[in-house]
Amino acid sequence: VTDRVRVGVIGTGSLGTRHARTVAERVPKAALVAVTDERRDVAEVAATLSPETVHVPGHPTLLSDPAIDAVVITTPNDTHVEMICAAARAGKHIFCEKPIALDLAGANAALAAVSEAGVKLQVGFQRRFDGAYRAARDKLRSGKLGEIELVVATTRDPSPPPAVYFERCGSFFADTSIHDYDVLRFLTGLEVAEVHAVAATFAVEDIGTLATLDTAVTTIRLENGALATITNSRRSNYGYDVRIEVAGSKGKVAVGEHQQSRFETLTDRGATRDFVGSYWDLFEQAYVAEIQHFVDCVANDTEPEATGHDALRALEIAVLAERSYTEGRPVAASKLR
Amino acid sequence: VTDRVRVGVIGTGSLGTRHARTVAERVPKAALVAVTDERRDVAEVAATLSPETVHVPGHPTLLSDPAIDAVVITTPNDTHVEMICAAARAGKHIFCEKPIALDLAGANAALAAVSEAGVKLQVGFQRRFDGAYRAARDKLRSGKLGEIELVVATTRDPSPPPAVYFERCGSFFADTSIHDYDVLRFLTGLEVAEVHAVAATFAVEDIGTLATLDTAVTTIRLENGALATITNSRRSNYGYDVRIEVAGSKGKVAVGEHQQSRFETLTDRGATRDFVGSYWDLFEQAYVAEIQHFVDCVANDTEPEATGHDALRALEIAVLAERSYTEGRPVAASKLR
Amino acid sequence: VTDRVRVGVIGTGSLGTRHARTVAERVPKAALVAVTDERRDVAEVAATLSPETVHVPGHPTLLSDPAIDAVVITTPNDTHVEMICAAARAGKHIFCEKPIALDLAGANAALAAVSEAGVKLQVGFQRRFDGAYRAARDKLRSGKLGEIELVVATTRDPSPPPAVYFERCGSFFADTSIHDYDVLRFLTGLEVAEVHAVAATFAVEDIGTLATLDTAVTTIRLENGALATITNSRRSNYGYDVRIEVAGSKGKVAVGEHQQSRFETLTDRGATRDFVGSYWDLFEQAYVAEIQHFVDCVANDTEPEATGHDALRALEIAVLAERSYTEGRPVAASKLR
Amino acid sequence: VTDRVRVGVIGTGSLGTRHARTVAERVPKAALVAVTDERRDVAEVAATLSPETVHVPGHPTLLSDPAIDAVVITTPNDTHVEMICAAARAGKHIFCEKPIALDLAGANAALAAVSEAGVKLQVGFQRRFDGAYRAARDKLRSGKLGEIELVVATTRDPSPPPAVYFERCGSFFADTSIHDYDVLRFLTGLEVAEVHAVAATFAVEDIGTLATLDTAVTTIRLENGALATITNSRRSNYGYDVRIEVAGSKGKVAVGEHQQSRFETLTDRGATRDFVGSYWDLFEQAYVAEIQHFVDCVANDTEPEATGHDALRALEIAVLAERSYTEGRPVAASKLR
């Protein structure tokens, strides 16, 4: 494996195992050499993905292996800062799932460690690698749709995660809405000026934190005066529903639709289609592409898209949403800086 | 009602009553002055559509009324020739439902009577008045899609009519497929060179005539060498399904889709839409427009679209399909002339 | 016309003429007997819609005619209170376009006049009469989709009205968003608890009032805790875009889609459909049905749907949005009562 | 690579290189060990797909390598029989692109060689491995849609291949329509009773063989009396258009639609979507799955789906279509046996 990028995966839950499989099977110039997880049995399963892969007991061991070039961090959200700092100190290039931190102090600490170590950091905003989103961005940047004026976006999971998830995921805004916050920046190329958020808990047991919010509307004023509204839910019932439309002064682009299946059944009870059941079904191409991009950047020593800066900016919006929700009023982005 | 076109409706079944209502309520320059039907009770109901309308006992009485300018004929198919001839002799302008006859001899007799009397004849090919079909025709005629090459069309009823209907409707080709045959000519502007038809009876009791065929495929070679295939069914289950696509050398147009409803329900069982339940739901605009057009032509002494010539041409295709089905081989259009 | 409902139309601009035509041509039990408009020439054109119709010089003359049973008010928004009060005092039943007033004092005055006179009042919330909206309401009321949790709605006009319109239309919230506010109440059966609105002016010249806002997001908390977000624009470019989705705990309904046409063109440049160009194209069925309903209510002495109470409630939401926009913070509905 | 299935690819044109890449990168239990092609430079490029891959000069050399377990044959259609026979004699398991032969004698010879050698043969009917087609098959087999009655299918390439392709591809029916013939059998589980075909040449230069037909309609009567019509074109302009609908006595399934993109642009010129540009864009999942399936069958010594029998049956339908086209009349399947 001498000329391939040697990758270790820290945290092999559902998405971590997906990323590990991508490294092992979909990125010829990478090798999946090590995996680790708090849950030993889970990591041992992931270690079978490739004959080159070993299970190691804990991330310190993994990070101390000089043969490893880069890590994928898919541990619980509340560990991301610690993991990024440790990986940076160990000189590993880093792909970390969103959010990179639960608060701005943590995010800044993580970015500082990355900067000091001179390693690369890519954050798991996979939509930036999805063909439809990239086509939408290109159309908007072409100027053919004029100045950005109005954005409507949504991300809704089919059903909520188990209760244990909420202990470590951070606020609903930082955990889920953050995808839309990032796409808003990605598609418009604009920063946020003001945020207003309302939210509620309908589908999960409320544990008294912002984590168990499960339904939210974030209204955003962008720096150019354009308006955006983002709705999120942890329980759509009808599938993984991710859509966005961006209207400019001359027209709009829309990405996503309720019905994704090419297979339809028509009887006397109506015309029925399947929807997308999971994040993987909708974004497989993008998830694979983001890992391929990360490996390319490491191999070629180039800067990744979906940077630490992007991670920080999206988290800032989440923090503004948290404050707005808590205080019951809009909060200006200038309050943060 | 002196300056309005005075219309009588002969045959007030489902579609006849629709047309009568259109005359009474949607055509200000027309008056519905008389209705008649073999079934007296049915006609009496239709006579309540407007205070100006009277029920008369039988079409001879209706036709002998000098105050009537024009008639709408929606009697059973096997009476159309007789009705057209009688109406023409009485000097009435004629709107007649398709087919104008069950065979070519009848059609020619009807056209001769119309010609001799100098009255107008419009046939009930309502799709020619539908906005989407007209847009498709205009696009094709613009030349932007190049030369016509391939046509795929379908008409499927949700469920078959009652058994009594088959005694008088003529062949399935003349009764149902004829709509597609006419639209084929309307959209392409081309005549037919050869016809091949296969058919079967699945949904209704076979009475040993071509009337109880209920599933058919007609393959047509047009005069320019382009190919067309038309499928028909008397029982789709899932709604009234009418679609056509016409491909040219530079692109294609398509009219129609399975799902017509703007209302959608999404649950964990899928995304479900309603479809169009009946001919009226799909073509209301066109049915109203064709009657308005007919009245306009009578009032302004202009020639109607959807002429007797169109009626004859479409019936010729149906007759070719009947022969092809019966003989089990393609039949050239030149055999008819 | 003795047994028909005799209707006068006050204000024969674009929509007023549509309503007048509906009365004249689509409601057999009504007669269009009089029209009036500030612009004499406009009213004279409308007076040609039916031989029974006369033009009268000004609404006082029209209202003083004892032969008129009911009026349709489609004058500029800032005259609605005056018109309703005058019509009520004259004992006429009233169909009035939305909004019934530009402020709550006006609305209350109008309702008081109606109540005192014992006449009927229906407000022009035509979406309540649209088949898709009614199907959505029925589905939501059936309980099959569970408790209401999240609503996303939009209304966007293709292009802004002329500058003169803004002098009399009231705020963008009262003029345009009010349709969504009403549909929110209609579909959910819930009242509003809190409103937050942001807005901007992109497409029209700002005259320093809330009238020339042309892009807005209204975020609403409903009385049961459910959340809603409504986006509005006076310039979509791509057509008249009206959509809503209402998500419950078990699934959702959606009404509307970008592409309404059944006609599609496919070339090497993509697959292209038309969209709906105007309010009338999208809601013709509903506009006709609401007038038919109004006439039925007058004829049968029953209470109309889309009542004065509904008009007041929707205006209250608009007033809350105005305050929120002006004050830059959410406003509780309890502040109004 | 001792425990992996060692695969050689014979013919590394567009699709052959795709398959080679799939073996190298998407099938962990397979190794791409050798490639060959008449065009040495083309094969040398493919040999770079994996460090384990070598280029060998000609298929005899490749087949004589005892370290190779299985081959993928993607050479021109007119060589398939020779390649299958040689591979079988060499004891290699075989994945061969459709059609396995250009005539029935060839197909029977190929199957006999395979049978005698006791090797596995899978044919490249990739749609059998597409999720939407499998869902459609399962729905039809469930009986919920009743007895099969009517099938409408199409396959249209965006643009024709270069002229040289026609020298070796066999008839348009055997080269293109055969995909639809196979899917017809796959979805319905029924055999063909009678075939009628019409065809034309519009888009390519006619070289006087059945190869340069480029537009065709095949009408088929199935053994249960059901009817099918299949349209094919070598030049849609608007993308790779593959659709099928199968109607039963209780309802229908449909797979495919014109517009596949999740990305849409809406301006004042309409709502525009991209379509699928190539076979790979539409069927990537299926192409990968068929190769994975083949490797699994070799590794586990199980029988592949998409068998030599299926290849023969589909070719029989193509031969019936050729005869029908040539003779200008329907041909019964019984004529072949």
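As written, the chain order gives the labels A, B, C and D, with residue 1 at the start of each chain.
Note that a residue touches a chain if its C-beta (ideal position, glycine included) is under 8 Å from a C-beta of that chain, and two chains touch if they have at least 3 such contacts.
Just so we're clear, the structure is a prediction, and the values are computed from it rather than from any experiment.
By count of C-beta pairs in contact, B-D exceeds the other of the chain pairs C-D and B-D.
Ranked by distance of CA centroids from chain D, the top chain is C. Taking each chain's centre as the average of its CA atoms, chain C and chain D sit 57 Å apart. Centre-to-centre separation of chain B and chain D, using mean CA positions: 42 Å. Residues of chain C found to touch two or more other chains are 236-238, 250-252, 254, 258, 264, 266-268, 274.
Chain-to-chain contact here is organised exhaustively, every possible pair of chains being in touch. Contact residues of chain D toward chain A in the complex are 24-26, 28, 50, 131-133, 135-136, 139, 144-145, 250-257, 260-268, 274.
Those residues of chain A lying in contact with chain B across their complex are 158, 236-239, 258-259, 264, 266-275.
Those residues of chain B that touch chain D in the shared complex are 147, 149-150, 152, 154, 156, 194, 196, 198-200, 202-203, 215-217, 219, 221, 225-229, 231, 233, 235-238, 247, 249-252, 254, 258, 328-330.
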